[in-house]
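Chain naming follows the written order as A, B, C and D, and within any one chain the residues start at number 1.
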């Protein structure tokens, strides 16, 4: 199953990057969403998908799923939630100020002279 | 519209309390079963969001006169305070203390400083979600 | 006080929360943030003295044994970085009083800075690779807050780019940690070092090393990952720029230095060679940019990139001299970049533009500013006895010792470009025919100039008083060169 | 006495100057400043007797003892000679400047601060025994020279010249530092004396030639040798006292000093001899030739300085030959070093004098353009007399000191073909020929300088001012130097005993152990049979003819194409550094985020994947895999389908909802992989996120209209594929290399007993790794603060309002 997951994750990353390279800001943010999904699944996969029961202590169970990656993912999920929320509001404010969501129109001048 | 609102508002109030209760349950279950401050907090805030949908923003803020930024700050302070308590005992930061008790009816329970920490998490999560939703909502 | 090493993280953290309770009370906001920073500085100095006398301070949180809880480690390198970051924050806050404006001050500006310092200090101190990620996020999130605060058009536009890049680098960070966890099954940095040594750094670890270089390189703006930096940094107001310019890239540089001396030491022929090549290319890219623009902000911003290259060149040599040079140069660069950004802030405030071609003749009306700038500029270029010299000298020497003749000569030659770029500011802004300037009222000018000048004074003392610093620097370099003391401090015994 | 502290006296005094300038307005600040060089000169003369007997005076103070970096003042013959020059000429220059610079119009405090800074720097250069302190003072000379050249900072030419001189000399300095560091590593010491002591061991080191070349780069740039001389003519924008002091008498000789000082270390190398002699001679010729092209008095003198520096340089190179020939065969080479020092002293006197003359003419007529000048002889007779003395000495005529050293120079060059090492016996014949030709041009430009200015017709219409003789005070300094020029001719051997022999002994320690051993006697007359005499006669005759016909052939210089000049190279380089870099940088710094992302992703992918293959790290292991269930595949399909929908959706609403579906399938994965906490969190978060997306989206109705499907772009797709492939490849390899058992079993063992909990994930979050959680919620809190700031604080609106109000 891990091998399948590796490909799924790769696919998610590919889609995420493709979206990030587009010019619509909303798509870019959606891309970051896919990116974090990919990353979270990857952490889980890297910990190993074996383990027959959830990491909640129960009598008689010895084969727990690796709890450490799960804890890491939880932290990562929360953080990416914060970032996504922030990013969304930023996009929303940019629409208001710059009146576009096209990245190509947000070039900004590198020159001042 | 108005009459419909009354029905919606009444049901919402009921659902709101159910959600709050459920979220509190989830919160306390966290240490032994799936759940915890984070999910609990999110559930609570979704309850409040439900209120927001049923009533308008003003009514909700009179119903729940909470400054969510302060709530966030207090949540953080509780979390930090719990962790920092250990500094006064000169043991490493974040050292928790717990004791198992056997209570009538509830059976074996524990009293755990970690729960206090989780309460901080809970408050922060509610505060943050509400701040975000409120500020976007207030903006026209 | 076994928790002493946490104070530089927890103090700004605690006071930042306090500040959240009354965002509109500006006087309190200002006073408390200065007090918080001063306290932090005091505790950091105490910590530094303790590290000096008792060796590396390490603690594993929650009273758990070492690889299982999160370890925090304060060795000389990290405590020095923490101290200089705190100092920069103090000056930036002081400078902000009369430059940032009441509006920003009442929207969590000071808590933002304190939280950022929390993140920076945490990233320097942590001994756990995933915890480092978390601290990175803290400092990034506060930097998002600060870069966009004010909501000006440029800020919004550039924040998008800035955040996007950092979201990508955070995702890469997480997956790299996941890869590493898969191979060595641990997150504690000392433990990782031990485990990698056990398995003799197989190819996959080298791949992970390259990924770490990429992740931290994105933060540290090395070639070819620096593209996002110049325009993003130019967007926020000067104090924020100073804070970013002085600190944020340094966190990336620190992380590279830490991982490349602690983890990935067994395949130096590949990893460190790559680091060296990239650092030289970084210098080239920085030099091109520093010369290409006639914008004072841009010139100094590109100099950040050059400095990153120089520091990493030293780190890639893996000789004790070069590592010590890198540490010397790293701290120097934090101080001098902070000072320079504040100084050009004063220039911009006076002239109302950041375009060099619209400036001129300031030396006549603002002679002290001119001379202070000149000293800072020479310090940046590494003219003795100012602060940049000793670090560069040691880096070059270390490079020669490692047999990289051309690399070291190149580092020397790059100083010339640095000098040219900063002298251009001097020649165009301070010399020449005076142009119309905004008449700053003298109190405001003094309030802006004083912190900048004192910071320059610090950097001069840093250079002239190098002798007092050498014991600290050599301790820091010693840990990098010979990380076994670090491992021992964390894991005990062995 | 600790002489090391005296070095800093001018610098410390400089701190008082601005104060004096402000408080004592009645008196020209220069009078206070004058005290410093005079006193120092007096102090250094007290050492003369010590040094004559080959003694030296050492003193030091530590700067960074832990790194062995300190200031060491080591005064032997060579250092003392230079110290006396610096303070002596310094005193004369300050005196001259008092009359030259107007105390009401000029910012005198700046001028004297720079000048004193320079004096300290220069004393430091010539006295430092420690390589690093030598470098320190070396750069300080460049900086003070920069400030002095840019003294009239409003003039374009001043700024240009200042920057140019700084760029070139600092470049040299940096290279020299590289050479020093190499030497210090090879010899394990920073002390020049110690390096000299172990010089034979150094010679075999692989870095020896490297360090030699790097050190020479420093010397050549500072001493304006070919092709680096180009900064010197532009440095003439400095006030004339500065030109006289820095750019003829002292700073430009720092390079010569360096070569002299390092001769004992490097003399064994043929590189050294060839480079120093060859470049010196080339510079000599080049400078003397192009001096005739100049029309600015100071320009002529600048090129003349370049040429004379070349002369001295070549003599130092020839002097190094004596290392190979030894003293026994009484060869002529041992004269070369002597001649070099002798000429260095003479040059300081006559060139300093001439610069001051040029300054006087500028000051009194308002121009330095030789085409506008002429016939000043009768108006400025004293000036003319002094100018004659200086020029004739420069031309190498008796009875002036320049004649003596020029003769010795010719002697040295004539002997070079005799040297039968390093191919000198074949190519060496070129040396005397070039030397002779250059001497002819020297003769011509000396005449050109003095006679075009003072004879011919007086052209008052061209002059901005009405010419008259200079005030007395201004004439004192050049007159003193003129007197010296004559005096040295008559008492050369006394000067030699006091000053020159001790210096020569320092350069050639392998020949002499004390100055008294040097058996060189200067005489003006070598007999009819000496070839030098005939060469000199030839120089005078041919030189006179050329000067006579100058107006015929001078226009030839105009025919030299413009691109054929070294200045062009510098200008091109500077242009490249401005517009070139700008153009280049604009190629990739486009401002488009997309291009930056493409560069970065490409770099990351290429770096990582090539590392995978170089290190042969790719690996798929089928061990330790979890089994694949059908329902898992179904979720995989759902997830992939959701992702594809995101990619292809036409409306943004669809892509948001599809993103949600991807999120929910991730939650399902968490369920089946035994991660209930994650599943719960993911579900709630996904819901809130989708709500947020919609909320942000809902507020933007006007953008809905022009929605369309993303166009397929191959470039983007390739980059995206690369990233995906990279992630997969590394993931597969990392998973197949689970080389160490994870630490997580510890948590399973201790969670109940020691942490008091049952849900391991939650306990990790609040206890084992609670620190992560504490800061994770901080990140959340920060996000909300940032959002409040973004929504509520809108400075751009406010700015616009302000702008409208101001209108």
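Things worth noting here:
One rule holds in what follows: contacts are C-beta pairs under 8 Å (C-beta built on N, C-alpha and C of every residue); 3 or more make two chains touch, one makes a residue touch a chain.
Note that the coordinates shown come from a computational prediction; the quantities given were computed from them, not determined experimentally.
For the pairs A-B and C-D, the count of C-beta pairs in contact is higher at C-D. Separation between the centroids of subunit A and subunit B, computed from CA atoms only, is 25 Å. Averaged C-alpha coordinates give centres for subunit C and subunit D that are 27 Å from one another. Subunit B and subunit C, compared by their mean Cα positions, are separated by 38 Å. Averaging C-alpha coordinates per chain places the centre of subunit A 49 Å away from that of subunit D. Counting partners per residue, subunit D has 582, 585-586, 589, 591, 593, 597, 676-677, 681, 685, 688, 692, 696, 699, 727, 731, 734-735, 738, 742-744, 747, 758-759, 765, 767-773, 776-788, 790-792, 794, 796 as the residues that reach two or more other chains.
Shown for subunit B are the residues that touch two or more other chains, namely 32-34, 38, 69, 72-73, 76, 80, 93-94, 96, 128, 132, 135-136. Residue positions of subunit C touching 2 or more other chains: 13, 20, 61-62, 69, 130, 134, 137, 141, 144, 148, 151, 153, 160-161, 164, 168, 175, 178-179, 181-182, 187, 230-231, 293-294. Taken as a graph of touching chains, this assembly is complete, with every chain in contact with every other. Within the complex formed with subunit B, the residues of subunit A that make contact are 54, 56-57, 74, 78, 82, 85, 89, 92.
Listed in rising order, the residues of subunit A touching subunit D in the complex are 1-4, 6-24, 26-27, 29-30, 33-34, 37-38, 40-42, 44-57, 64-68, 70-75, 77-79, 81-86, 88-93, 95, 97, 101, 103-104, 106-111. Taken together, the subunit D residues at the contact with subunit C in this complex read 62-67, 69, 132, 135-136, 139, 143, 150, 153-154, 159, 162-163, 166-167, 170-171, 174-175, 177-178, 181-182, 184-185, 207, 210, 214, 577-578, 581-582, 584-586, 588-589, 591, 593, 595-597, 599-600, 603-604, 607-608, 611-612, 614-617, 619, 727, 730-731, 733-735, 737-744, 746-747, 767-772, 775-776, 778-779, 781-783, 785-786, 788-790, 792-796, 798-799. Considering their complex, residues 13, 20, 61-62, 64, 67-70, 101, 103-104, 107-108, 111-112, 115, 118-119, 122, 130-131, 134-135, 137-138, 141-142, 144-145, 148-153, 160-161, 164-165, 168, 172, 175, 178-187, 191, 195, 198-199, 202-204, 206-208, 210-211, 213-214, 218, 224-225, 227-228, 230-231, 267, 270, 274, 288-289, 291-294, 361, 363, 378, 383-385, 390, 393-394, 396-397, 400-401, 405, 408-409, 412-413, 415-417, 419-420, 423, 427, 430-433, 466-467, 470-471, 474 of subunit C touch subunit D. Of all residues in subunit D, only 582, 585-586, 589-594, 597-598, 601, 620, 622, 624-629, 632-633, 636, 639-640, 643-644, 646-647, 652, 655-656, 659, 662-663, 666, 669-670, 673-678, 681-682, 685, 688-689, 692-693, 696-697, 699-700, 703, 710, 713, 716-717, 719-721, 723-725, 727-728, 731-732, 734-735, 738, 742-744, 747-748, 751-752, 758-761, 764-765, 768-769, 772-773, 776-777, 779-780, 782-784, 786-787, 790-791, 794, 796 touch subunit A in the complex they form.
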